[in-house]
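Next, two complexes with subunit A in common: one pairs it with subunit B, the other with subunit C.
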Partner chain A sequence: MNFFHHNKPPHSGDEPRTTATQWQLMWWKFKDHRLAHWSLYALLALYFTAAAWEFLAPHDPLQREARLSYSPPQRIHVFHQGRLCRPFVYPQIQHMDSETSARTYTEDTSTPQPIRLFTQGDSYQFWGVLSMSRHLFALAGNAPLRLLGSDRLGRDLLSRVLKGSRVSLSIGFAGVFLSLLLGVFIGGISGYYGGWIDTAIQRFIEILRSFPAIPLWLALSAAMPADWPEMRVYFFMTVILAIIGWTDLARVVRGKFLSLREEDYVLAAKVAGVSEPLIIARHLVPGFLSHLIVTATLAVPNMVLAETSLSFLRLGLRPPAVSWGVLLQDAQNIRAVALYPWLMTPVLFVIATVLLFNFLGDGLRDAADPYRN
Partner chain B sequence: MWSFMLRRILLLVPTLFVISIVSFTIIQLPPGDFLTNYVSNLAQSGESANEAQVASLRARYGLDQPVYVQYAHWIGGVLHGDFGQSFTYNKPVGTLIWERLGMTLFIALLTIAVTWLIAIPIGIYSATHPYSFLDYFFTFLGFIGMATPPFVLALLLMYASYVWFGTSVGGLFSDLYADAPWSLGKVWDLVKHLWAPVLVLAVGGTTAMVRTLRANLLDQLELPYVVTARAKGLSEWRLLLKYPVRLAINPLVSTIGWMLPTLISGSTIVSMVLSLPTDGPLMITALMEQDMYLAGSFVMIMSVLTVIGTLLSDLLLAWVDPRIRLEGKPS
Partner chain C sequence: MLQKALIIMLAGVAVLLCRAATAFQEPPSLHAQVEAGALPPVEQRLPKEPAVVAPVHEIGRYGGDWRRLAVGPLDTTLDSRLGYEPLVRWDASGTQVIPGVARAWEVREEGRSYVFHLREGLRWSDGTPLTSEDIQFYYEDFCLNKEVSPAFPSYLAIDGVPAEFRAPDPLTVEFHFQRPNGLFLEALAVHSIFMWQPKHYLRQFHPRYTGKDELDRRVKDAGFEHWAQLYLARISLRENPDQPTLRPFQMKTVAPTPRFIAERNPYYWKVDPAGNQLPYIDRIVFTDVQNAEILNFKAMTGEVDFQDRNIDSANYALFMENREKGGYTVRRDAGAEPIVVYVNPCSHDEGMRPILADVRFRMALSLAINRAELCDLIFSGLAVPARGVAGPFDPYYRPEFEQPYAQYDPERAKALLDELGLKADAHGMRYLPDGRAFRQVLHIFPSESGGLADQWQLVADYWREIGLNIVAKVDQRGLSVLQMQNANTDLWAYMSAGVHWTVDPIWYIPWSSFSYFAPSYGRYVDTNGKAGVKPPEEYQRLTDLYRELTAEMNPAHKLELGQSILRQWSERTYTIGIARSDVVSLVSKRFKNVPDKIIYSYRLMTPGYIGIEQFYLDQEEK
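Let's look at the complex of A and B:
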């Protein structure tokens, strides 16, 4: 069996292929790329999580709980003393080894704590405006629930990962959006006007691309003063990521502009007296939009990785801001990781995101050219 | 060919100029000049700065003069091989980077060799057995390798060796040999430490190379000359290695000049995690300590290396493929 495509002829017969618009054709072709299709839904789910983490997280991600420092992930049980119950957890009890002062945790199996849906918990400001305290799931009386374990200060890692997803996932989008603006604008000018403007812009892009990305990113993010507020750091990280990112997009746009400019239908529009902005908007942009979307999709994971790496090195976002990279700062100490391996769980989210975006980009690339078989 | 080379080399001049400007900007980025930071650092640690020394440093870098004069001072020094002074190490920046450049290059070259050794057989196998179980397996591995940031791979490797073998894989030498002169024992010690960083660094390049090689080779294998050769009874191995593989590897060979600097700058974070005695960690600590001459010079040297590497790659490609050197000529 072919894992990546299934070979059934797409929608043969029932849809009128000849009258379908180009976007319809692309969507059909995209739907045939099953992996990409699933990835799209998985990514939508991830972004939904990032948008609504305050509600989805069981706890306030900054709430400390000293008696649960480095507590392991709690297991969800359904059998209590041999009887089937609704899903519940046992509370964790800390034991301190008096000699090594190492902490161990045991489950107190006498008092099951059922997991309740839509229950009251830590209060929060949804999107910074709506005061709420209802959570998708939590324990009765807001008892600590640690499905992914705790960090050193006893904060809930699941809630922290969910909170971090908003920064980590959106910074990729914001960076790509900024790159897109720059890329389309500058690449468009370069490709449409040609001549010495094109030459100058192309040389400039070549020079920018000769900078090694990682050292430049590191140097620029290290220049951000330590006392900057979170939002400003976030904004400048986006700018830093876009500084190199836009050149790829500008190249795609320019190349497409150059080839589309020569097409007969553009000439026909010109002869018919269509104004230049209208030619660009109506005839040129739709011609390369699909390719642009592909390039942009494939650029997002690089930005997610860059944010993670920079924050991991303490050169990007800093606590109390929470992103996946910030969470991984705790994993810098390999002894801590060896004792408390759940500190590495943010990595799984990073890898999943990057993989999903790559699959999606592959599928989109195939779909961008729906006439090729 | 000559006009192509001339054009490319002429382009080098503005490129290097912009690179120097950006590097200088990086040096200037932190608030206040570095000398005031230096003096306040000294004051914090209880020492008082030597007035005469500070004055001479101020004169040396022209700190009381406008920015463009400072730039002229700095670039003049760079052209004579003087990259300025590192204030955390209290050594010339050139010496610091130079000391570690040997090990940096050695690891990068070794990584390239390992990348090729792993990628070429896998790429050939995947292209000759497309959609087989192993092909999917390698594709899957490749996706995972591509999606995992290298520093995470390094962390996982350290974690695994710590948990299973009880040793840490960080560094390149054990304490016993770290400062010892070269000997057979030290070389063996190096080999024992070297596999981890080289493997981690090779993963990214390998996955990319397998993908390209597989795609290139698949394209070649469909061409009529392969069918002809097979029809004439050439043995499968000779057929494969003599033409399609050579043609499929061609674009890869020519990217070698470009691979080296990418690898060196890409290895920055990994070498930090694995605490290797290379230039990467030097750069990161310099940035954290705001030792800006060191950091700026590192960006500058890396960029210059990238530019030269790209130039070599382009010349190599143009030499191999006449279509490239004729492109853009007035017709």
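Let's look at the complex of A and C:
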């Protein structure tokens, strides 16, 4: 535990600890957890990428380039003919072996192509509204840049991974948000009123939880008509993921409600004639909010993984929609392992996301109870 | 070369010798059984006039296991591709009909009667002679029995009326039709592989020959409810090793088992020119693997002797890279069957129907596909563009049928769609005249060997580029066919027939609800107008031409009729042809007598038409 922590006290300067709010205390404690702290920044960066992929990606993720089918990742060079230059790449030349029909690529070292920042490239609609064609980085004249290699149709894998991150990362949040709404609402009712309502809801949750999750997801997603537009499939996917996800949260909320409603201050509020919704909102929810945030954070990576697996099994999102799971469909065969290992790079992003969320959740859990040592 | 010539000369001499002395040799693996008296000597096992099979390259040597890989027992195909023994068969070129189980035939009454002469002394694998009674049993007690065969096999009928069957003596069978049948021999060469049901063995499972109590007890013991279920299980070569067969190999194991083992039929009725009883190979051993991906991996490491089934042509480069290590050569042969997209002309969607039924829509779909790029990207050059109007191996095909609407011309495709009233919105995506967005699902039928799914995403992309929102989706096989037959779905991706399509009219003629390009019209034809949709004149013409073709005995007229059907296909683009993909197969260094060129088709039962009995293993190699 201490491995991740500073040894110096969490507060600094002469700010008295006694006057700090609970949130401040939590923040100090959280900052203490170095790994969680950095994970937060890394995740923010990832989500920023997902939000602005159109600008960050060097190419249109759907643009085919037949002469770059399965081209390997390009190396970025800084020395051309022994001289230091700004970062550049050499164009890739395809060679087709007429006997084995294997494609190989060599670098044309005579013509370096410098990587330019804020340059014109494929045009795109930023967030579906703003027509733009400027990219963070690209090659002059929109020459193909393949920093993570190409897929079978010669599309830029980096751009596709970046585009996929929007779906893969946001679907986790959307799913958890939906679970949170359902969980707090249903769990709150169950815990606050108790009695037969509580019994009914708890048995219902037990029934729902006794379904094996993967087959249930498979059945639900197989029921999605193929001609649904992308957005509807996306929305339905979050619903599918949340269908089981909310039960966990509902149980947590119920437990907290059960213990908190017996507290003296709640009784006092009741005696003072405060309305029930106000009691819940003002006195009960703040009591377990921190706990809720932790649970939710730890639920996000499960959702990300679930989306990836469903899409990987061709039961979630379908091409031309792009998510990490969809990209990994291409890596389902021995060819990918033996000849085109770069097709598996989306896995690294999935792993990184899941780990970062787990670290973050870990830190938040410690911070959520700042008075415990 | 000199060696080859010498072998051929020796073979020739051997033929003369064996003709003179009729001395037959048998595989060494059977010697022990013959000596022990369990098997009669080879002369008594072979028919009086055994079929003589000329080996592809040379007289082979006996023995060995032909190693193959299978994803489940269905992959063994011992009753079809690896057991192609029809009444009359395709020759080694896949074009002419030559004797098979029947040693000769006569066509009488201008094609109304066909008389086949069986080989005297040809025996089932248990030693019982095959007689016309067996075929009569198949015809009367199987084909005509509605309980066990709900639909009468169409190759033995004309205009829906079953042929009249006669067996005047134990070695002669006759089929009489109510009108001339000009395609009967070709149809037999494909479909009569399922004709072989040994009466002496199967009578114990048939109510006509076995008492009710006895049969009921057998049905119950086997865990079935109805005698037909038991019967169908007993005639399956896969599930029942006890059933005698005429084929070169007989399955000896029952699934589940890690290896399916098929052993030689000791009564197999073919010899090579030197008088050696065939097959040369002792056993076919199929290792059962979990899925096609593992199968490809094992094949890559050299665990097969000769296999094309489930070999993914996309792995060609990988196989080439490993061919030295694995000790095999990698072959690429022409697949006859074109990959095509079918468009439903009778959509249940009122707004969609006139669009889908319009020839301009199909032309636009065809013009939008960059077939050269597709063949390069998806098939790594192991395919040729094809329009899906039969193919170069078909007798009725002409090269000019490939031309119309095959070139890549998206601008012309867009113009055609504009003309059709499919206007484009600001993003270039099109909507129907009734204001709805154009949206369709391309239902991909998993093919016999799988591995087809990938290319359709690219095809859907091409169509998106001309403004058509079409999503590709891989379907479940059973369900998708049912949906197609009922015209519930509108776009289907599957194969078509590339050679000898005339024996299976469904592919190019509205014939039944299995006519993928027009299931509703097909149903109408099939039910004589009781169900389905009445075909317009254009489609009716195809049916009429085909009816005429089936009755035509003159080869020149036959050719003309077949060509006019395909010409109409070429002009009216009923399907959107994509490509004909090569078939990749692996052949181990020790596996011999594989011809230099092979045509892959279900209608040729490849590799059946080559003669799998003459393959042999050179045990010294490796």
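Structural remarks
Convention: the second predicted complex is superposed on the first by the 368 of 373 C-alpha atoms of A that agree within 3 Å, B and C clash if a C-alpha of one lies under 4 Å from a C-alpha of the other, contacts with A are read in each partner's own complex, and residues count from 1 in each chain.
Note that a residue touches a chain if its C-beta (ideal position, glycine included) is under 8 Å from a C-beta of that chain, and two chains touch if they have at least 3 such contacts.
Bear in mind that the values here come from a model prediction, so they are computed numbers and not experimental data.
Looking at the shared chain after the overlay, A:312 reaches subunit B, while subunit C stays out of its contact range.
Of the two partners subunit B and subunit C, more subunit A residues are in touch with B. Of the two partner chains placed around the shared chain by superposition, neither subunit B nor subunit C is touched by A:128.
Once the two complexes are laid over each other on the shared chain, residue contacts for A:210 go to subunit B alone; subunit C is not touched. Once chain A of one complex is fitted onto chain A of the other, the partner contacts of A:96 are limited to subunit C, with no touch recorded for subunit B.
In the superposition on chain A, A:273 makes contact with neither subunit B nor subunit C.
Once chain A of one complex is fitted onto chain A of the other, the partner contacts of A:334 extend to both subunit B and subunit C.
On subunit A, the surface touched by subunit B in one complex and the surface touched by subunit C in the other have residues 225, 314, 332, 334-335, 338 in common. Interface residues of subunit A, counted against subunit B in their complex, comprise 2-3, 203, 206-207, 210-216, 218-220, 222-223, 225, 301, 305, 308-309, 312-315, 328, 331-332, 334-335, 337-338, 341, 344, 347, 350-352, 354-355, 358-359. Contacts from subunit A toward subunit C in the complex involve residues 62, 64, 66, 69, 96-97, 99-103, 152-154, 225-227, 229, 314, 318-320, 332-335, 338-339. Of all residues in subunit B, those touching subunit A in their complex are 11, 14-15, 18-19, 22, 26, 29-31, 131, 136, 143-144, 146-149, 151-152, 155-156, 158-159, 162-163, 168, 170, 261-262, 264-266, 268-269, 272-273, 283-284, 287-288, 290, 295-296, 298-299, 302-303, 306-307, 310.
On subunit C, the positions that touch subunit A within their shared complex are 293, 296-297, 300, 312, 314-318, 320-321, 373, 376-378, 380-382, 439-441, 443, 454, 457-458, 460-461, 464, 471-474.
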